[in-house]
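Down below are the structures I want you to see.
Note that chain A is present in both complexes that follow, paired respectively with chain B and with chain C.
Entry: the complex of A and B
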């Protein structure tokens, strides 16, 4: 029988939950003090930030040729890396799909994708800059690897969710393997693949503006150089251009999706 | 075993166990004549579906022989199996159409065993195949929907496409796994009529799993009763009595007709 106390609402927190909240609050306070984030430090930071903001404006577009060159390179890196990543991840994701392939095939394919996904694109870009030298090639390779990791995983999951009845029917006609893929598998995943690929293009566009910071080509290099020379008005111009590029990319990928879903 | 021209398919001592020691098919032996519809009846879980899938090896038999066109299907390698499969059309309970492909693409996929993969990817089928596909769509009454997506069709229409796809293979044998179980009674009769007529016209023997005894008796030329993974009745529809049904399905109260 429920007593009056049992029937209160909302139910009172049990002591494990209260203890967890308390522990979290203590850790938060500890981390703040350990990193010496004091009110005085915050005020000093705000003053710093104000001076910085003042220096950013007005943006300086005088070196627009340099800006345009960097943006063009970033766009090219993003598109090339997306296409290459897409082309490689199609067969790899097929090999990684557990509903179509035996375990000894899926494991190596899955391992490859996990390795590609393990590192942030900037870290992969640093590796490629060391391996193939400064420039756009390193950026393309870095973002291709990152794309393979993500597209591969998304594609594999899409393939693993298909209806095997449809595949079975195509197999029953005596179709060879590649025809079973074309008629039993691809139609079931095509529109989702388009969605994933356009998402990846979007994300590569963002990342391609960043890999330049470590010397892998694109607008990031220009941005970093401007920072180091304290050309804050030029920095502002670059940042605004990047925002414009990302918005343009968003519009482009939405258009791609619409074309293929119609 | 001598091969006579009066047999289209010969099943010898077919055994299937999904789990070692648990036999689903317990030594089935059947000869299928080169024409007519053989209906396989029996309770759920008695191996009707397994039997039919063993024939085109969507399910791998454990032991036994299945002789078709002078070859033992059970021992065929991958390439030979594909060559055999394209001569065996199959119709499924849930139609198993590729939902996002058009009706026409689904029908033409019956030719995938004959068309090289790169041409199949590019949808470049021989003109004779395309003509045949349209002719089949005329026959099943769906020419107007040729370019509709398969998932836009009703159940009965989908099964008609399924039949057209199977016949597109120019098969020498037609398998049907509960082709009417997902359909209403009127559509079921229409689908069975279509299968009977086409199988007759084209001289293709058909093996049909069916759990509706009345439909089986109405359309089949031969009825095989399966129970516990073994053949317990084999004869013409007229020879099937209540006693046989009791033996196949067990119990008898359901025969009285007052079960609702």
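Entry: the complex of A and C
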């Protein structure tokens, strides 16, 4: 029964919720104290930040050839990593789908995807830089691994939601395994896959502009170098072009999604 | 086509000519982009052939993980990363809420204000956490403060956008009822909009925290605090067994965070 007291806003909290909030507040205060924020530091930082912002403008596009070369490499890394990641995650997500495969197959596939997803692409990129040397190859491999983690998870979830009636119907005709996949499973998930893949291309584009910080190719290396040389007006030009590239990519992938109604 | 007319040679097709053309164009562009990328990207073929061997060598040098280094050098740094993620998320959400309200067209009826808020959200989303971290390290010096602010500023874009989308999806009925009763704007927000978006709000805060735990781990590479700094040190000193230990602890923390988020989400939503 609702009484007048129950209708107060915000709603009265029960004891467990109050304790949870209290615990969170104590933890938050403790974590804040770890940051060592002092008023003097904030004031100095604000002053420095203002000087910094002044130095950023106007952006300096004089070295546009270097800028364009970096952006092009980032774009190439994103495209190749997305395609490779897509090609690898299709079979892996089929193996991980619990409605199509036995448990002893799904667990290793799921574990592989969790590991790929747990590390930030930049950390994976460091390892690949150590393994295959500086350059775009390390970036492509790192983003491929990251794509496998995310696309694999999304694909698996999509496959697990399909209707098994159509799969059974195809199977009943005596179709071999590959035909069951091609005619029973793929048509049901195709448009969602397009949506996920274009989302992944988007996120790879963002990350491909960053893996250069650890030497894995793309505009990130140029950005990091400019930062370290205090070349702030060039930094501003790079950041503005990265934003433009990402927004252009987003518009493009939205157009693709509209074509496939995903 | 009239019944009884001459048989027309016509095949049923699922998509119209325009749709097929559009799809074909998408495929064409994808293939062209891939071919162009393969032809122009600067990759040394010997490195590709060599890659599996090099990777195996790297893994061999990483084994066994140096568990002894955990208490002294990894534990505190790892906790720092989690603090950075939590405080950053709270600050980011606090800054994102006003922009979320301003960007929602049904809450803020002035189009120019919507666009200003949207521009802020798009910019925050497009600038990577690492770029924010480079900026704040330059301003506040290396350390956890720079990392926390980087996480907070980048989170504004994500949280603000999804929050404004949740606001725009609310049902107008309760809001009209409140307005008709003469409720002031603050009451319309707290009794009309807020109860309708609470589940979406908590779900996206938890989701963002999960992402931020992963992001806070990399921040140390540019000097913004957390376990990334320990990782960077170990890498620069080629202490591969310690690198392996750090990676294993990161894996454990990230998986634990994901499990925690799933559990909390089930309980409160």
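Heads up, the rule we're going with is that the second predicted complex is superposed on the first by the 236 of 262 C-alpha atoms of A that agree within 3 Å, B and C clash if a C-alpha of one lies under 4 Å from a C-alpha of the other, contacts with A are read in each partner's own complex, and residues count from 1 in each chain.
Following the convention adopted for this analysis, a residue touches a chain if its C-beta (ideal position, glycine included) is under 8 Å from a C-beta of that chain, and two chains touch if they have at least 3 such contacts.
Computed from a predicted model, the values in this text were never measured in an experiment.
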item: Chain A residues touched by each partner, larger count belonging to chain B or chain C; value: C
item: Touching partner for A:19 - first (chain B), second (chain C), both, neither; value: neither
item: Touched partner set for A:79, first chain B, second chain C, both or neither; value: second
item: Chain B versus chain C as contact partner of A:132, first or second or both or neither; value: second
item: Touching partner for A:37 - first (chain B), second (chain C), both, neither; value: second
item: Which of chain B and chain C A:256 touches, first, second, both or neither; value: second
item: First, second, both or neither for A:190, with chain B first and chain C second; value: first
item: Footprint overlap on chain A, comparing chain B with chain C; value: none
item: Chain C residues touching chain A - in the complex, by the definition given at the top; value: 19, 22-23, 26, 30, 33-34, 36-38, 40-44, 47-48, 50-51, 54-55, 57-58, 80, 83, 86-87, 90, 122-123, 126-128, 130-131, 134-135, 138-140, 143-145, 148, 190-191, 214-215, 217-218, 221-222, 228, 231, 235, 247, 250-251, 254-255
item: Residue ranges of chain A in contact with chain B within the complex; value: 163, 165-166, 168-180, 182-184, 187-188, 190-191
item: Sites on chain A touched by chain C in the complex; value: 9, 27-28, 31-32, 34-37, 41, 45, 48-49, 52, 72-73, 75-77, 79-80, 83, 114-115, 118-120, 122-123, 126-127, 130-133, 135-137, 140-141, 206-207, 209-210, 213-214, 217, 223-224, 227, 239, 242-243, 246-247, 256, 259-260
item: Contact set on chain B toward chain A in their complex; value: 56, 58, 81-90, 92, 94, 96-101, 105, 109-113, 115, 117-118, 120-121, 162, 165, 169
